[in-house]
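In the part that follows, the structures are each spelled out as structure tokens.
Consider the two complexes below, in which chain A is the common component and chain B and chain C are the respective partners.
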Partner chain A sequence: MTELGLLGVTIEFLWNVDFWINVGVLATTYGVFALGIQLNVGTTGIFNFGQAGFMAVGSYGMGILVVKADVSFWLALVLGVLIAIAAALLVGLPSLRLRSDYFAISTLAFSEIVRYVADNWDGLTGGNLGLFGYTDSWTAASARIDELLERIGVAPRFLLPLLLVNLAILLAAALVVLLLVRSPWGRVLRAIREDEDAARSLGKNTFAYKLQSLSLASSLAAVSGYMLAINISILSPANFEPVLTAYGYVIVILGGLGSYAGVVVGSALLIFVLEATRYLELPLSDARIASLRFMIVGAVLMALVVFRPQGLFGRREELTLRAR
Partner chain B sequence: MSDPSVLAAASRPGRLAATTAGLRRRPLLGFALGAAAIALLLGALEGWRELGQATINGIVAGNYFALGAVGLTLIFGVLRLVNFAHGEFLTFGAYMLVAGNALGLPLLASAAFGVLATAALGLLLEVGLWRPVRRKRVGELQLLLLALGLAFLMRNAMAFVAGPEDRRAGANVTAGLHLGELRIGRTELIVTLVGICAIVAVAVVLRSTSLGRQTRALADSIQLAETTGIDTDRIVLITWATSGGLAGLAGILYALPAGTVHPNLGFGLILSIFAAVVVGGIGNAYGALAGGLLIGLAQEWSTLVIDPAMKVAVGFAVLIATLLVRPQGLFGRARGVEG
Partner chain C sequence: MPAETSSRRPLLSVRGVTKRFAGVVAVDGASFDVAPHSITALIGPNGAGKSTLFNVVTGFTRGDAGDVLLDGEPISGRSPHVIARRGLVRTFQLTKALAVMTVLDNMLLAAPGNPGERLGLALLRPVWRRAERAARERALELLDVFGLSARAGDYAGTLSGGQRKLLELARALMLEPRILLLDEPLAGVNRTLARSLLEHIEALRAQRGLTILLVEHDMDVVMRHSDTVVVMAEGRVLTSGRPADVQRDPRVVEAYLGAGASPEGAR
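For the complex of A and B:
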């Protein structure tokens, strides 16, 4: 056993393929999640603190449609995104016209209320027992991907089909967002970030652009919610703690504000660290270890924001973390 | 920015429009009339005893919402800081009460210890974190993220130290008083009276003392306050101590009748407290006090007609409705609200 005895760390997991598949599945999930935050915060300059709530709305919407209303899984994937967009409009319409702090408060409050409702509306969401039974279509699709893989000589492995699908989705989503950001539409978003009054004086309906940016971010949150829902095959309110939004911000700032390649790198880095630290052997109860991990996430977020707001690869001149 | 009420009155002539415009100009009157109308409706439909009981519960809840909200709104007003970690101040105060009990202090002394310790925490964070960060001239997003990170750090640090299990707050939660058919717990009654005294004290200090006037001046414009010779550093420190102390008191007043303290205590209340702040007008201390009572009443009254488990969602609904109808809140001014 390869052991760094002093800390009680075994690093054997690094040679385990399943560890890396798990990291890949989670990193792609959080990558899509954080793409939305990057679009809102890094490109548009609106401070969305409710991404975890939009993720919950999209994935619960999908799950409820499949389990309770017998809608086909594939149709529910589309409808879930529409529900997430409706939620973005519900929060954005009253609060995006107002000062940015109102928007930050409203989105954070929204994500909490979603979790609260999911926890208490047992009849619809299964409450804290969770919602399950929406994965049948995926299991069939996953088996077919396994068949295809076997034909080219790859042995089936747990979660490998999901990893491949997730990777394809992350790359496609990053590409689409990147193209959009470089389009005239994206130039208006950046103009809003730099100086909203100037963009407005050029006749741009900045409110509509901000709503569109939020709706797109919410759609991405819904898709990342599907990735999570399929991975864990049970939806429970505890999966949508606001700490997810904090993860998203850590990813975005690690990778650099405004950088979409940075989102991919940042998310791989954060998830690797989070998953690898599970192998730390500490003489503590599970609950205390969970608290310790969240403490560290909070401290890392604070330290990044103070000491390296431009991220690991960001440039100072792209730095837009300033008051408006 | 032009006054929306003037626009409304001009665009919709007629007696009804004039009345609504008048109410818009006097939001508190409109709010009181609206509340009275809802109360009459609820009483007639659901029974007067139920309404009375819900009103008592609403005032009890409104107290700790108001005390939590006033500290949050003062910090926002003075420093433009949305302190997402404010809920954790409530939790901290409640845990310090438990710590005082564990040291063998009488309950009252433990409560005082909790309030003072939370005030000290506010000061410590100002000196150790917020002031240095302000000197670095960080932007708005950085401040928001720092507050968010601090909330996770504090909440989980408390969970780490105290463990996830409930701790007893140490008050008698079974004794109660009956007023006719209505019931109020003895501890509930005591904490409500303490809360009302604290709310009145805060309002009086803000209104009538030099300190209160200076604080309100800072909340209005820190630059203008500085040019008039106010020692802004001193007022900022006092504001943090007040915000922390009131948050600690709110956490204690919540924990005593509830009976137990746990790491998510403040986190469970922060949504309602934010709703109270927005309803009252962000940055306005009187607004926060009124907003807290309003949210408490709205949540408890809602239990008469909807599933009580959903009452926290009512706070969110009121928040969204406020942003739609009157984003500056009950007491705020329209200037500067729009982005």
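For the complex of A and C:
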């Protein structure tokens, strides 16, 4: 019995391995993306609203280098991160000295500028027709992973190699960021979050630390951009709308501000809810069901903020300490 | 002997500092010196420009004219963190305890020169473990002096107002400052705690040879605990000297009366 007709949900999909692989690939992509937002917002206290823009810069940088400049895919992965870091410095150098609200607006504006440029500079980016043809090296690598899997008795499955690579990257990235945050370097970031002037009065060059935090977040955005670019095989400006950054914030709030385990679990949860609600069966038009999915996500988030404002892994006393 | 000459030279020298805000002159060519190992009080009625001058000296506000010299070296125009590293460390009128960090983390943060604070070395624990351990020892010693040992593991945000003041003072000492600038250290503090804070400040000078410049409203405190008093009014330094002499100066009385209070009763 896999039909819960009353609820209008067919739960058959829960037994479908491809569903879970898809959730996994998306969740790991959003997870790496949101790690950067957590580092900026949860740990450093700077409100980066341009994460989707940094993601676009990194992934388009990689794609253009491969497709237009014939650079090796693997080298392009490294260069794309460097381009994303350069973008972070470009945005951060003038705006991180400003008050935090100006910084937030600057990053959002940057994100939209990147998207409009990608949309209109057809010659370089393919415009709204998209950029493709950068996946050959990955396809070869993916086939090799399939071979290895077969040797240990796992049947090849679409996107399974990507999921495994994504998972390894997410866990490694989360571990590195966690170790950084717990180091003396991370202690300075947390001090900036608590009170930047106090940190400055104690001899810390807070501007440099904020730039480093933003650059690291931008690098993570670039890596998540690669995950997306490989997953969908085409880069198009519509993939980088500001709502993507908003999803990152949802993950951070869901998981708990400042919690890195929360990012991993939060992204899995958000993507699961978003994907599972695709299977809603109601006597409504598809467009209405699509809207309903987001209302459900909104309701879940509201319930969370009311009943568990610290998120899944956050600490409640930290909220009350801030309010004092 | 260099030590001799440096003890005669003022440790901090403020020369003609001016700061305007949109045409309003907040500090108007203020000049004064702070002798090494002294406790110097900067007083004046509200709006005299004390806090602005403090911010210019510590680099938090850029002055429009004038020079600030620390042990003969110009520091005007430098960033606050550079000035702090040179040995001029400040506290704030409204305490800035880093609330969602432990008391110990507040202290460790202030320790200078920890290589683990560099992004490139942060993951290499063996490189910074020793510096971290040394800072920890010093932090625990200082917390002990200030009676905060038992709270080391608690969030700083759970401390009482008075304990936060003590923490801020202890934390500033982690930088091993040459001169400590205290912005109204006794504002909003009860008498018992005020006495304890003053004892700590005097002990810092006696035991560590620290120099202290404080902004203070409480004339009683200023008269009893400082060696030199600098009086500001309307952005200028009116006079400076020993407390007893300053108190008798008719210009000082007038400045305070003009602001609606006598020096004896002023708070």
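Simple rule for what comes next: the second predicted complex is superposed on the first by the 288 of 324 C-alpha atoms of A that agree within 3 Å, B and C clash if a C-alpha of one lies under 4 Å from a C-alpha of the other, contacts with A are read in each partner's own complex, and residues count from 1 in each chain.
One rule holds for everything that comes next: a contact is a pair of C-beta atoms (placed from the backbone, for glycine too) under 8 Å apart; a residue touches a chain by one contact, two chains touch by 3 or more.
From a predicted model like this one, the values you see are computed outputs, not experimental measurements.
Engineer: Return first, second, both or neither, reflecting whether A:L14 touches chain B, chain C, both chains, or no partner chain.
Structural biologist: A:L14: touches no partner chain.
Engineer: Touch check for A:L179: first (chain B), second (chain C), both, or neither?
Structural biologist: The second partner, chain C, only.
Engineer: Once chain A of both complexes is superposed, is A:A109 in touch with chain B (first), chain C (second), both, or neither?
Structural biologist: After superposition on chain A, A:A109 lies in contact with chain B alone.
Engineer: Between chain B and chain C, whom does A:W121 touch in the aligned arrangement: first, second, both, or neither?
Structural biologist: So A:W121 only meets chain B here.
Engineer: For A:L96 in the superposed arrangement: first (chain B), second (chain C), both or neither?
Structural biologist: It touches chain B, and chain C stays clear.
Engineer: Output check: A:A140 vs chain B and chain C. Expected answer is one of first, second, both, neither. What do you get?
Structural biologist: Touch partners of A:A140: none, neither chain B nor chain C.
Engineer: Should A:A261 be classified as contacting the first partner (chain B), the second (chain C), both, or neither?
Structural biologist: A:A261 contacts neither chain B nor chain C.
Engineer: Could you let me know whether more residues of chain A are touched by chain B or by chain C?
Structural biologist: B
Engineer: Please identify the positions on chain A that touch both chain B and chain C, taking each partner from its own complex.
Structural biologist: In chain A, residues 321-322, 324 are touched by chain B and also by chain C.
Engineer: Would you mind writing out the residues of chain B in touch with chain A in their complex?
Structural biologist: Those in contact with chain A are residues 76, 80, 82, 84, 133, 136, 138-142, 144-146, 148-157, 159-160, 163-164, 263, 270-271, 274-275, 277-278, 282, 307, 309-310, 312-313, 316, 319-320, 323-324, 327, 336-339.
Engineer: Which part of chain A faces chain B closely enough to touch in the complex?
Structural biologist: 41, 47, 49, 90-91, 93-106, 108-110, 112-113, 116-117, 120-121, 196, 243, 245-246, 249, 253, 285, 287-288, 291-292, 294-295, 297-302, 305-306, 309, 320-324
Engineer: Which of the residues in chain A end up touching chain C in this complex?
Structural biologist: The contact residues of chain A facing chain C are 176, 179-180, 183-188, 190-191, 193-195, 197-206, 212, 216, 317-318, 321-322, 324.
Engineer: Quick check: in the complex, which residue numbers of chain C touch chain A?
Structural biologist: Those residues of chain C that touch chain A are 58, 60, 79-81, 84-85, 89-92, 96, 98-101, 105, 108-110, 112, 114, 116-119, 121-123, 125, 128, 132, 155, 157-158, 171-172, 174-175.
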